[in-house]
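Structure first, commentary second.
Just so it is clear, A, B, C, D, E and F label the chains in written order, and each chain counts residues from 1 on its own.
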Amino acid sequence: MQDTTAFLAADPAGNIFEVADLDVYYDKFQALKKVTIDIPANEVTAFIGPSGCGKSTLLRCFNRMNDLIEGCRIDGTIRMEGTDIYDRQTDVVKLRTEVGMVFQAPNPFPMSIFDNVAYGLRCQGIRDMKILRRVVEESLKKAALWEEAKDHLHRNALKLSGGQQQRLCIARAIALEPKVILMDEPTSALDPIATAHIEDLIEDLKKQYTIIIVTHSMSQAARISDKTAFFLLGDLVEVGETSEVFHVPRDTRTEDYISGKFG
Amino acid sequence: MQDTTAFLAADPAGNIFEVADLDVYYDKFQALKKVTIDIPANEVTAFIGPSGCGKSTLLRCFNRMNDLIEGCRIDGTIRMEGTDIYDRQTDVVKLRTEVGMVFQAPNPFPMSIFDNVAYGLRCQGIRDMKILRRVVEESLKKAALWEEAKDHLHRNALKLSGGQQQRLCIARAIALEPKVILMDEPTSALDPIATAHIEDLIEDLKKQYTIIIVTHSMSQAARISDKTAFFLLGDLVEVGETSEVFHVPRDTRTEDYISGKFG
Amino acid sequence: MKTLPIRTSYLRRKKIIDLAARAIFLLAGLIAAAMIVLIFVFVAGRGIQVFLPGYANAQNLGEFLTGMRWRPDLSPPVYSVLFIVINTVITAFGAAVLAFPVSVMTALFIVKVAPKSLRLFFTTVVEILAAIPSVVYGVFAAGSITRLVSGLAAAFGYTTYGGSSMLAVILLLAIMIFPTITSLAIVSIASVDRNLELGSLALGASQMETNFKVVLSAAKSGIFAGLILGLGRAFGEATAVSMVAGNKMFGPTFNLFDTTRTLTTTMLSGLSETAGVDYDIRFSIGVVLMIVILITNLLIRYVKKHIGGVTNE
Amino acid sequence: MSSRRKFADAVRTAVTWLSTSISVFVLAAIFVFVFSRGWKTLNWEILTSDYHPKNIMANVVDGEPGQFARPDDLPADAVFSERYGFALTDAVDHQKEKQMVLTYIADDSPLTAAVNAASGPTRGDPITITEDVQIQRIDYMSIERGRKSPAGFMGSQQTAAETIERLEADGESLIGFYYQSAGGGMMGSLLATLMLIGLTLAIALPLGVSAAVYLHELAPKNRVTAILRSLIEMLSGVPSIVFGLMGMTLLFSVTALFGITTQSILLGAMTLAVILFPVIIRQTEEALLVVPDGLRMASLSLGSSRTQMIFRVILPNAVPGILTATLLSISRVIGESAALIYTMGVAINDKPEIGRGGTTLAVQIWTVMTGEQPNFELATAISIVILIIVLILNVSVKLVSARLNRKWRT
Amino acid sequence: MAVRIEFQRELQDLHEQIIRMGAAVEQAIGLAVEALINLDTELAQQVIDGDDVIDEMERSIDRKCVRLIALQQPVARDLRDVTANLKLITDLERIADHATDICQAVKTIVKTHYEITIPHDVVVLADMTRRIIRAALDSYVNRNKEQATETIRMDKNIDKLYKQLKRYFVHQIEIDREHVATLIDLLLIAKHFERAGDHAQNVAEWVIYFIEGRHAIYEEEEAAHAKKANRDR
Amino acid sequence: MAVRIEFQRELQDLHEQIIRMGAAVEQAIGLAVEALINLDTELAQQVIDGDDVIDEMERSIDRKCVRLIALQQPVARDLRDVTANLKLITDLERIADHATDICQAVKTIVKTHYEITIPHDVVVLADMTRRIIRAALDSYVNRNKEQATETIRMDKNIDKLYKQLKRYFVHQIEIDREHVATLIDLLLIAKHFERAGDHAQNVAEWVIYFIEGRHAIYEEEEAAHAKKANRDR
């Protein structure tokens, strides 16, 4: 690309998100304080920190799910590939197709597996069954669910096990070909085996997608993420390569938290 | 003790429970298969295994909470200090005062902190406020909650934080001077800091009580238990010193499970 | 060894109290459960009585079930119920057809669409509608719906008997079952997991798309439970309906502006003495009414099971 | 978002707005109708007075005529007697019968000082009449005939004008009068309703709550319990008129044990209690359901017996639910009509007793609406009373259940 | 179906890195032997220069092991695997160091006295050392307890041979005054080979530790200890 | 309020065990020096017998470290602590081994030739070795980076002295034919001291790794490497 504007817009450092001086308030309560962080593309970034430190709040800023929360106010900028997503002109609905999200508890819609995966596409007005069928298959394959699900595509998704449901939710997000997948404690409702499967899947997905994951489990952050950001009481205390953060953290608060001591 | 019968009754190896050939069925489904295990007194024994392997089922056998579950049937024997607790003559209510239990989600009664701890005593007909006050204080101290709670003994227990609530539940169990405390995933609803506090408390309590803990977290089992028992699909696959089980497990299934591989 | 001063006498007493209390609770449960059986036995018993040979002025069961006239004024009186059943079904379903979509939309509006400041207001409206006793609806219908209907009839060139008509019954019932269906729909829509909704929004669906595609389908079973309840109320409603039905002596009625007669209005009509055929025959109608309700319930359950295309097995 | 999607969204939104406005419209229509028709009729009098008018015969103490001036504010349709100082107006009563209503009485009119003329212990007791009584007959000393003569309905005069004219023309002095208290009140029904509420709750609450406790806390989770449960559930699908039938067959024989051989408030209460079983059981169970299972486990694991668990932990937490059940039950009792028509009868009873029949407010509406001439005024007036009570109950339920919900938060 | 694929891959990586390091160490010793036999200073220098690479390999593996422990928190077999690796590379590195020292000595020898013939036994010792290292690495690659035990046994012979050689050199020095420095260097070279053999034995012991979960020597020495204690009484 | 009390206690335990081991190793070297100076075989035998205890100490600490990693899954500082310990005890044990070897040599010397005086420089070397070990252990106990760096520097002098000694011994052997065996043993003893010094340096490096989170030598050598690369061009 030789076009200079495109060059300026595209991020030089390969960051998909650039958050600058972000303050988030719930009514009077300030949940995030002057957070500045870059999220590199095609890597797994983990947010860790004690309960209530603002991890989920920041995560929800990336696809503007915070818009749905009464009294939530935002200051500062978040740029996605150079454009401010909190700009007035941003089409939130479109943003959310580009920034997929997976929730703590698996939440498949009470429809068939097929319809679950096709849901996002249908909302985009895609009706052609040929396309739908192709995308559903691809998405399920990427989510490592195809083998288990291909013979029951029209069975109710609620019949799947918890781990399978969570993979279905991932497939559902993938179907829209997002650039980013946000995950808010995606395995905290699952048993260790299902968790391990999801972690493997994340490992696999990061080749194609940027993944941001909130987790309560420090060992999970350690295992699967490339970058780790540690939050405390609304402050971003430290962010860096995961191997650095878990080996030689720069901040003693990080040190104390990840090694299970505190205060 | 020179009396031979007493000698026979008392356990030679310092085991408080001896489970032999235990089968547990839920209607037709067999949740535990010929489980034989000894629980040593004044140690922490951890039950680990994938979801649905029967950990909680076995735990509930020790204070006969399974009696409350419809269709639950038990074969085999469980002896507590030599006497079969599934004997017809066993007073279940009394058994439960000797085998305390702490649950996954903190479940304080919606009463004051004081009343919570005094509850069990009152159910035993103890009304004397002097005794109650003494026991409540002692129990809270043992549960490392006294310092935080002593000034609000008459505040509603639901006002406490999750971790404090769980410690209150432990205090409540301790008040009855049990021999054993059963814990079913006592920290899975808590954040890492609260979890660390409970783990420290368990470490402290094991001097006076036998503790049996079910946990989904292998690292927790590793950290706090003296013995670990690994279950799989209703079978007791392996039981041994925790350091052995996590270092040199005898069974490859244990190996695979604790190192996060499977099948 | 325990240091707690626990008295064994207390423990013994505790055990006895426990057993006694449990027995009392059990008894209450049995009484409550036995009532429905007793109702059936007693009402059906009295209802069948009039068809038995020993009864003075015994009625013919076949004629009762298949005839199209209700003439207690003739002598000998003629009691037959088929046209009444048909009328009842028409009015009840007519009311459901009117009320159901409005109810569901209203519930959706209240839970998901209404601005927060108005939500309480609309909820209260529905709750008040639900709480208004049927006689009040009856008075309202007799005083205003009938006028509306007769005006309408005049516009179409029909005459009515002071507005008492099938249409009035349908409108009245629609209004009466609306809050029933709506409140159940509200509950089931509100209890749809918020996460489902967030899941849909996060997939780039708009709020309204989410409401119609995800929320409604997740609330489906509760909504249908509401429909069943509403139909039940429509079938069983007596006092209000009988104020506007007009109690036609034969039928069935298919003309919206013509008077009609439902099972319940029949049971309430000309209630003077408490003995004799004219009284006992009401028990027979009661049995018919319960059977009609039962069949309808089964029908809707069947429909619900096969709706939506997702097999649950 | 594409414009097509935006349009579709707008349509969907509009549909929901429209639907909701229908319900608001209907509610408004009901209130406007009820209040516009009933508000005039409703006053303290009608609340506290009997339905059936009372007839009273009185003798005036001093019937000599005087000179009275017609007050200015008297409505035009009132006919004024200048010699005796009172005015009568033609009216129709709640039973659609023609009446003459005393619309004005001067302070020193002969009618003000009267004594009871009916034989009995109260004979001679002073009587003060007030405006609004229905004058049936006025006895006077006739100039023409020279003896005591009646004026009014019992004479030949059918209207107020005729009566007054007669008195003015022919009345030497007044002797006495015969009148009816206004009637058309709802006191009896109000009392009957209260009695019914009390009795019903006394029967239904203990049984219902106990049954709920049994089902939710004690019953084994097996087929038998499931059947019990669905039997109770079925009860709520039975139309109330069928309960009326049940009351007349099954419960009638129970009240007969108390020596009651007619329709009665007790029978109504028992019938309503059965109707309320599912309501109370469900509400109580719902409250029990909110009590977290953990508390039961915790209580039992602390060595409590089941009964101790129920009384110490479960029921205290279910109190708001039971309260809700109570309020809902009251609401239901007040609104119920069909079942009561069968079990308590349709005859309005001004002096209700437990062992006798009577009407509740709702049934009174039914009674006055299904007479030869529907009495909308009284029906709507009673409706207002019912609506107000129901509204109050509704608000209370909300407050209570809000408390219930708040309890388990955090 | 295996899970924790990423971890398995990382572990695989680690093994390959160690095998590469093993190969490098083996090669270093091999070249050192060759340099010694041919008294080839260039070859010797090559080995000496190569040592840095091996040192860096050790540190890189070290870091990788610690990172694996920190990030993947392995237990049981996996943990033994990582810790055994962590320990065993110290020995590998030491072997390479000895190879360097040998080459250093070779350079000195060449400088001081060109025309020496390396005693046959030194060559045999060198060869044995090369073989034991190869055996140790094989046992590592194959996770083979028998091979590892065999390796440990091999070291006995090396020790024996070294003692013999030492005596030989003392004798030689006593009779050959001219070449004291060279002979001493040769002796030290032998010592280095012996030491390298020791380290190879250690590698084998770590392999056994990995397989068995306990230290190989443990029981043996325990037994020896017990015996001694008995004797002492 | 500190949490994970149990883990903190275990870590404390581990440190104490290592300090005890360090003390034992230091003592072993100290005794070896004394045995050497006084040519005291009994003392020498004592050291040799004591080696088993130190070996067992190493294995016990080893087990403890692995157990801590397996059970407590430490990260960051705690993990560096445990892994540094795991590595450093290898070096400590090695030092003890060298002490044993020295004592073995002392026994041989005594057996072959009683009347020798130990060259002064060997005593100096022995003393330096003892000092560097003490310094390394001090830096460990105090977690002191300066002390550790100082320790590393000390090793340079030891190496220098050893080289000097080696030349001295070659010379001595050339002139003193009688005592070749003894002199060679003395040379080997010097070599052992030098090696022990090396290991002490390693201990210090691990201390730095623990404090800094990276290998001490790393940067230095990196720099050296870069320089060399530059030179090579």
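By definition in this document, a residue touches a chain if its C-beta (ideal position, glycine included) is under 8 Å from a C-beta of that chain, and two chains touch if they have at least 3 such contacts.
Only a predicted model underlies this, so the values are computations on that prediction, with no experimental measurement involved.
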item: Least hop count linking chain D to chain E through chains in contact; value: 2
item: Angular offset of chain E relative to chain F [C-alpha, multiple of 5 degrees]; value: 180
item: Inter-chain centre distance, chain C versus chain E - centres from mean C-alpha coordinates, in Å; value: 90
item: Chain C and chain D: spacing of chain centres that average the CA atoms, whole Å; value: 24
item: Rounded Å distance between chain A and chain D, as computed from the means of their C-alpha atoms; value: 62
item: Mean-CA-position distance for chain F and chain A (Å); value: 51
item: Where chain E touches two or more other chains, by residue; value: 3-4, 7, 66, 70, 73, 75-76, 79-80
item: Residue numbers of chain C (touch at least two other chains); value: 14, 206, 209
item: Of all residues in chain D, the ones touching two or more other chains; value: 1, 5, 305, 308
item: Chain-to-chain touches, reported pairwise for every pair that qualifies; value: A-B, A-C, A-D, A-E, A-F, B-C, B-D, B-E, B-F, C-D, E-F
item: Chain E contact footprint on chain B (complex, rising order); value: 218-219, 222, 246-249, 254-255, 258-263
item: Of all residues in chain F, those that touch chain A in their complex; value: 1-4, 7-8, 73-80, 212-214
item: Of all residues in chain C, those that touch chain D in their complex; value: 14-15, 17-18, 21-22, 24-39, 42-43, 45-46, 101-103, 105-106, 108-110, 113-114, 122, 124-129, 131-140, 142-144, 175, 178-179, 182, 206-209, 211-212, 229, 232, 235-239, 242-243, 264, 267-268, 271, 274, 282-283, 286, 289-290, 293, 297
item: Contact set on chain F toward chain E in their complex; value: 52, 55-56, 59, 62, 65-66, 69-70, 73, 75-76, 79-80, 83, 86-87, 90, 166, 169-170, 173-174, 177, 180-181, 184, 187-188, 191, 215, 218, 221, 225
item: Residue ranges of chain C in contact with chain A within the complex; value: 116, 193, 195-196, 198-206, 209, 213-214, 217-218, 220, 309-312
